[in-house]
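Here it is: the structure, laid out below.
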C-alpha cells in the first residue's frame, strides 16, 4: 500500500550511505589534498580552486578531511556494530531458544543485558578513556558494548517468534539439537531483523562518536573525524560558519542515511516488523 | 500485581548491587593512586602514605568495596580524595540540576512528539503527515550538542534573548532559572522529540490498525473519537517503553548538553571527576547514573502494570 | 482540523512563554550591581588549599586577592612592598629585616603580627606538601623582633628568595585560620571568600576590614568554563564581564567591536614548551633534538594554532625577565638541515599532550611539520591535569609533549635532572646556582648564558610565549596588561 | 430493507470487489460464503463504512432510506451501532484490552444517546441476554480475563445493544471451539434481526440462513435460496465448494478445488474461476453475467465487460454467473 514511499526511503537511505561509503573508499587512494597537512599560507582558504570546500585554520582541505572523516565514521560504526552483533546475537538467540524448563537462563541473560544497558556508551567511553586513554579504539569498544543489549533484545524477540514456527517444531521433533537449529533455522530467519538493527545501530554509533569527539573522548587528532571537525570549528562559528556546516551536514546526512536504510529494509524485508522496537 | 512488583523490585535491587560491583571493579583498574594524585607530583612519600591510610586505600579491595557500598545504602558516598569534602551532598545537588534538565527535556520532547506523531499517523497518507515524518527523521540525525550550539548561536549570541549558559538555582531567581534552562531543555527535547515522534507515529499507526478501533467505529465513534477514546492509552504502552529508554538516553545526552551550556549537573561532575582522577567521586556519579537508569526501567515496568490490566495479576 | 488548531495554540503558548522569558530576562540582566564583576576562568580549583594542592588555579584566584604576602610583584616584574612596608637587607645579603604594616587584620578579625610571619614561613617547611617548598630551603630561620618586625636569616645569599616570597610560598596565614584551608581561606587581602558553587563559580566579597584601599568591585565572581566557546558566548551574552584568558584566539574577532568590548593583549610567563624526553631515544641524541627545532616553522605554528597571538621565543626566558635575550634566531626554520641532522633516519615518537586547546592545536601543526623531515609523531591527548601529570610528568613515559610552563622564572626546572625533561647538563646547574648567589649583574649574566646553553643543547623546543589575552566588556578597567604573577589581581578592576 | 447495487471496492488500482448486488429483507437471514480472499469481509466492511485506509467503495447500498456508500463519515456514525451492527471474526482482538467489558458494552449505548447510568444497567442485562454467566462480574472484567467464546458474546451484546435493524456477522465463530461455536450460532439465530452472515463454513450457513450468496474473486458467482443452491449448485465453484465440505466416503480421496485462491488482483480476466475450473473453455475468457437459470447462456452472448443488464437477482430467484453451469 504505502510501498512506494517506503522504497523511496530505502533508496534515499541507500544513496546517502553509498555516498559515505564511496567517499571513504576513494579516500584510501585519493583525496584532493593531504587532509592533515598544515599549510599556514592556506589558513581559512575560501572555497574554490583546488579547495572545493575551502580550508580550516590550519590550512587543511575541508573536503579531504570530510572524506577521511567518512572513513573514521564507518570504521567506528563497523567495529562497534560488529562487536554488538557478535556478542549480542548469540546471547539473544540463546535466551530466545532457552526452553521453559531453563527459563532462568533466559531470565539471567536478559537481566545481565538490562544491567549492561544501564551503562550507556558515553559513560563507558569516559570510563574506558580514563583507564586506557581516549581514542578511536576505546570509543568503538564503548559504543559496541553499549549496543550489545539492543542486539540481544531484538535477537531474542525474533528467535522466540521463529521457535514457534512449524519448521522449527518439526526440526525439534526430529531430534535436532539446539545449536543445529540455531544455525540452520534461527539465524537465517532472524537475519533480516538483525540487518535492520545493524543499520539503526550504525546511525546511533555515528552520533555517539560525534558526541565523544566533541567531549574529547573520541578519535585523536589529527585523524579527521566529523565530530572533532565540528568541535574545532566552534571558535570560528562567527567568522567562518562553513567549517561547522560541512561536518554537521555530513553527520546529519550519514545518520539520516542509515536510519532511512534501516527503516526501508525493515519494511522491505518484513512488513510485520514495522512497529517493532528500533 | 503485588507479587509482580515485589519480584520486579527484587530484580532492581539485585541489579543495583551487581552494578555496584561492576563499577567498583572497573574503578579499581584505574591506574593511579588516589593519595598520590591528591597530593600532586611534588608530594613527599610520607605524606602519601599518611593520606593513603586516611583514605583507607591501603586496605584490601573487598573491604573497601563493602565499606563503600554499605555507605551508599544510607546515602554516604564517602569523602572525596581530591576535594576532601563529602561526595554525597555534591551528587545530591548535581542530581537535582540534572533531573530538572532531563525531565524538562522530556516534557519538551513529549509536547513536540505526541501531537506531531499522532498527526503524522492519522495523516500518514497526506503530504503533511509525510512532511512531519521527514522532519522527524532529519531531527533524529542532528546530535544534541550541535542543536545546542546552534540554539545558543541563534537565541543567545545573535538575538541576545536568552543566556548562553550557566545555571541559576530556582531559589535565587525563578525567572532566571527558567531562562537559564530554556535552551538546554530545547536542545535536549527537540532532538529527543524527533525520535519520539517516530515512535508515537508508529504506535498510533499500529493502534489504528487494531481490531478494537474498528469495533469502536462500528459502535458509532468517529475516526478521531475512536482513536482518542480507545487508541491513545493503548498506544501509550509502547511509547512508555521508548520513553523509558529515552530517559536513559537523555540522562547521557545531558552530560554533553551540560558541557555546552555550562550547567553544573552530574555530567559536569563526572567529567571533572575523571579529569581530576577523583576516583571516589567518579565511582559515585557512575553508580548514581546507572542506578537511575535501572530505576527508570523499573518505573517503566510499573507503568506497564498500571496501564495494562493484562499484566496485573497475570504474573 | 480542529485538532490542528489545538496544536498551533499549544505551540504558540510555548513560544509565548519563551518570548516572555526572554523579555523579562533582558531587563534583569541589565540590573547587575555596578560594583559586581564576573570573570571567566578556565580551570576550577579542586579545593582552595594551595599549600597541599598543585596547580595554578588556586593562587590565581586567591593570592593577592585573599591572601597577601610581605611583598608582591608588579606589572613589570619588580618586587613591591605589600604587608611589609619596607625591608632592609644586610650587607652579606643573608639577613632580611621586614617592617610590617600596622593595623592589618585577617578577615577573621585576628590581627596580623610578626608572629604570623614566623608561623606562615615556618609552616612551609612543616606543613606544605608541594615540592616547590624547596625554594625556601635557603631559609635558615625566621624570628620576631617585635610585633611589627620580622627577621629572616638565609643560609646563603639568594637572589631568588625575595622573588619566591612574592609567590604563594610567601602568603601570610593566620595562626587561627588554617583549620580548613581547603574550604575556608583566611587572609589579610581585600577580598574574602563569599561562596563557592562547585562546578560553577567562586564569589569573592570585599573584606570590610581591609587595611588598604578598598577595591572598586565589591563582589567578584570567578566563573569557570571548561569550554572556550561557552566562555566566549558568556561574554557575548553578558553572562560575564571579563574573559581572563582567551582559549580560542581565532574567535577574537567576535569581540572586535570597540563600542562593546575591550581587548588586552600582553605577555605572560607561560612558555609553551615542546618538551623532548632527553632521557631516552631518539631525543637523548642532541642531533635529533636539534633536528626537531629546525623542522618546526614557529611562525606558521603560531599563526595557525594560536591565531598569531603571542610571541616567539627561543629559550626558557620570557621578555619580561631582566635576562631576556632574543634567541629565536638560534634555530631558523630549515627542514633540509633537520633531515641532514637526522642522517636520513626516520623515527616514530609518542607525542603525549594534555587535552588543552593550545596543546591540541599546536600538536597537529608539529606533527604535520615533523612529518616533512621523517619524524612521525603519534598524538595522544591525555586528560589534564591528572593523567598527563601521571604519565608524562611523573613517569616520564613520553617522547614529546607540549605544555605551557606558567610558573614565573622557572628556568630552574631544567636543572633538576629528575624533572620530566630528563635534561642533564651539570654546567647548566652550576650557572643557575651561581646566578642565585651572585650579584644582580652576575645573576643576569649567568642566566643569559644558561638560556643560551638550553637553546644550544636543544633541551626542548620553545613554540611560543603564551599571550595574555583578556577581553572585557567596554568600560571594565584595571585589567592587567601582562600576566606575570601567579594571581589574577582583582583589586584594580572596575566597571565604568 | 438492505439493497446493494453494483457495489465495488477498490484499493488504488486493484478492484477487490466487483459489482456486487443483493438485498436483505426485514428479518431475513442471508449467508455470504466463499473462501478467504473472495471479498466477503470487504463487502461487509464496505456496508459499515469501515474499509481500511486507502480502500474505497463505489456503487449504492441503502438501508431503509439511508445511503451507506459514498456518504460522509459523520452521517454513517449515527447509523453504526444503532441501525446496523457488526460482529467481527477475531474476538481476541476486537475488544479494547485496557477497558472493562461492561464499559465497552455501555459505550455503544451512551454514544447513541442513552444516559450513562441506564447504559451501565442495560450492559449487564445484555451480557445476561447473550447468556454470559454472572453478568455483573463479567461487566467488571477485562477482556483478557474472558475466553474467546465469552468475548464473542460480549461483541454480540455490543452489536445488539441498540437493537439494530441489521446485524452483520463476519465469521463470528471461526476462531471458536466447535462446542462454543454451536452455542454461539444458536444465540445468533435467536437474537438476530435481519442478518448478513459471512462464513466459509457451509454447515454454519446451512444451519442458520435462508438465503445464500456465494462469492469468489470479488464477485457474487451464485445466489439463491439456501436449499436450492446447496442442493442444486449451478456454478462450478459452488459445486467444488460443496464437494469439498462433504465428508468423503471411506477410501475415496478428499475432494478439493484444485489450485489456490489467487492473491487480490491476480484473478484471471473473464470468469474469475476459470483457471481453477475443470470445465473452463475459451468462452470463459469473457465474464459471465449473474443471471437466473431461465436466461439463455452461451457463446453467442455479447462479449466485453460484464454489466448487469437483466433483472436484479434478488428475491427468491436462484442466479449464477457461469458459462458452463452444472446440471
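Per-chain residue numbering starts at 1, and chain names A, B, C and D are given in the order in which the chains are listed.
The rule we apply is simple: a residue touches a chain if its C-beta (ideal position, glycine included) is under 8 Å from a C-beta of that chain, and two chains touch if they have at least 3 such contacts.
Quantities reported herein were computed from a predicted structural model and do not represent experimental measurements.
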item	value
Shortest chain-hopping distance from subunit A out to subunit C	1
Interchain contact steps from subunit B to subunit C (minimum; 1 if touching)	1
Central subunit by CA centre of mass proxy	B
Chain whose mean Cα position lies farthest from subunit C	D
Pair of chains joined by more contacts [C-beta pairs], A-B or B-D	A-B
Geometric centre distance via CA averages, subunit D-subunit A, whole Å	50
Computed distance of Cα centres, subunit D from subunit C, in Å	88
Mean-CA-position distance for subunit B and subunit A (Å)	22
Junction residues of subunit D - those touching two or more other chains	53-54
Residues of subunit B whose C-beta touches two or more other chains	31, 124-125, 149, 157, 259, 271, 274, 277
In subunit C, residues with contacts to at least two other chains	229, 383, 387
In the complex, subunit D residues that touch subunit B	48, 50, 52-54, 73-74, 77-82, 85-86, 88, 90, 93-99, 107-108, 111-112, 142, 144, 155, 158-159
Partner subunit B, residues of subunit C touching it in the complex	3-4, 6-7, 10, 14, 18-19, 21-22, 24-26, 28-29, 44, 46-47, 52-55, 129-132, 182-183, 197-200, 223, 225-227, 229-230, 233-234, 236-239, 383-387, 389-390, 393-394
In the complex with subunit C, residue positions of subunit B that touch it	31-32, 37-44, 47, 82-85, 90, 94, 111, 115-116, 119, 149, 152, 155-157, 159-167, 173, 175-176, 178-179, 182, 224, 259-262, 264, 268-269, 271-272, 274-278
Sites on subunit B touched by subunit D in the complex	124-125, 208-212, 214-223, 229-230, 233-234, 307-310, 314
List of subunit A residues in touch with subunit B within their complex	2, 5, 111, 114-115, 117-123, 126-127, 129-131, 203, 207, 210-211, 214-215, 227, 230, 234, 237-238, 244, 248, 251-256, 259-260, 274-275, 277
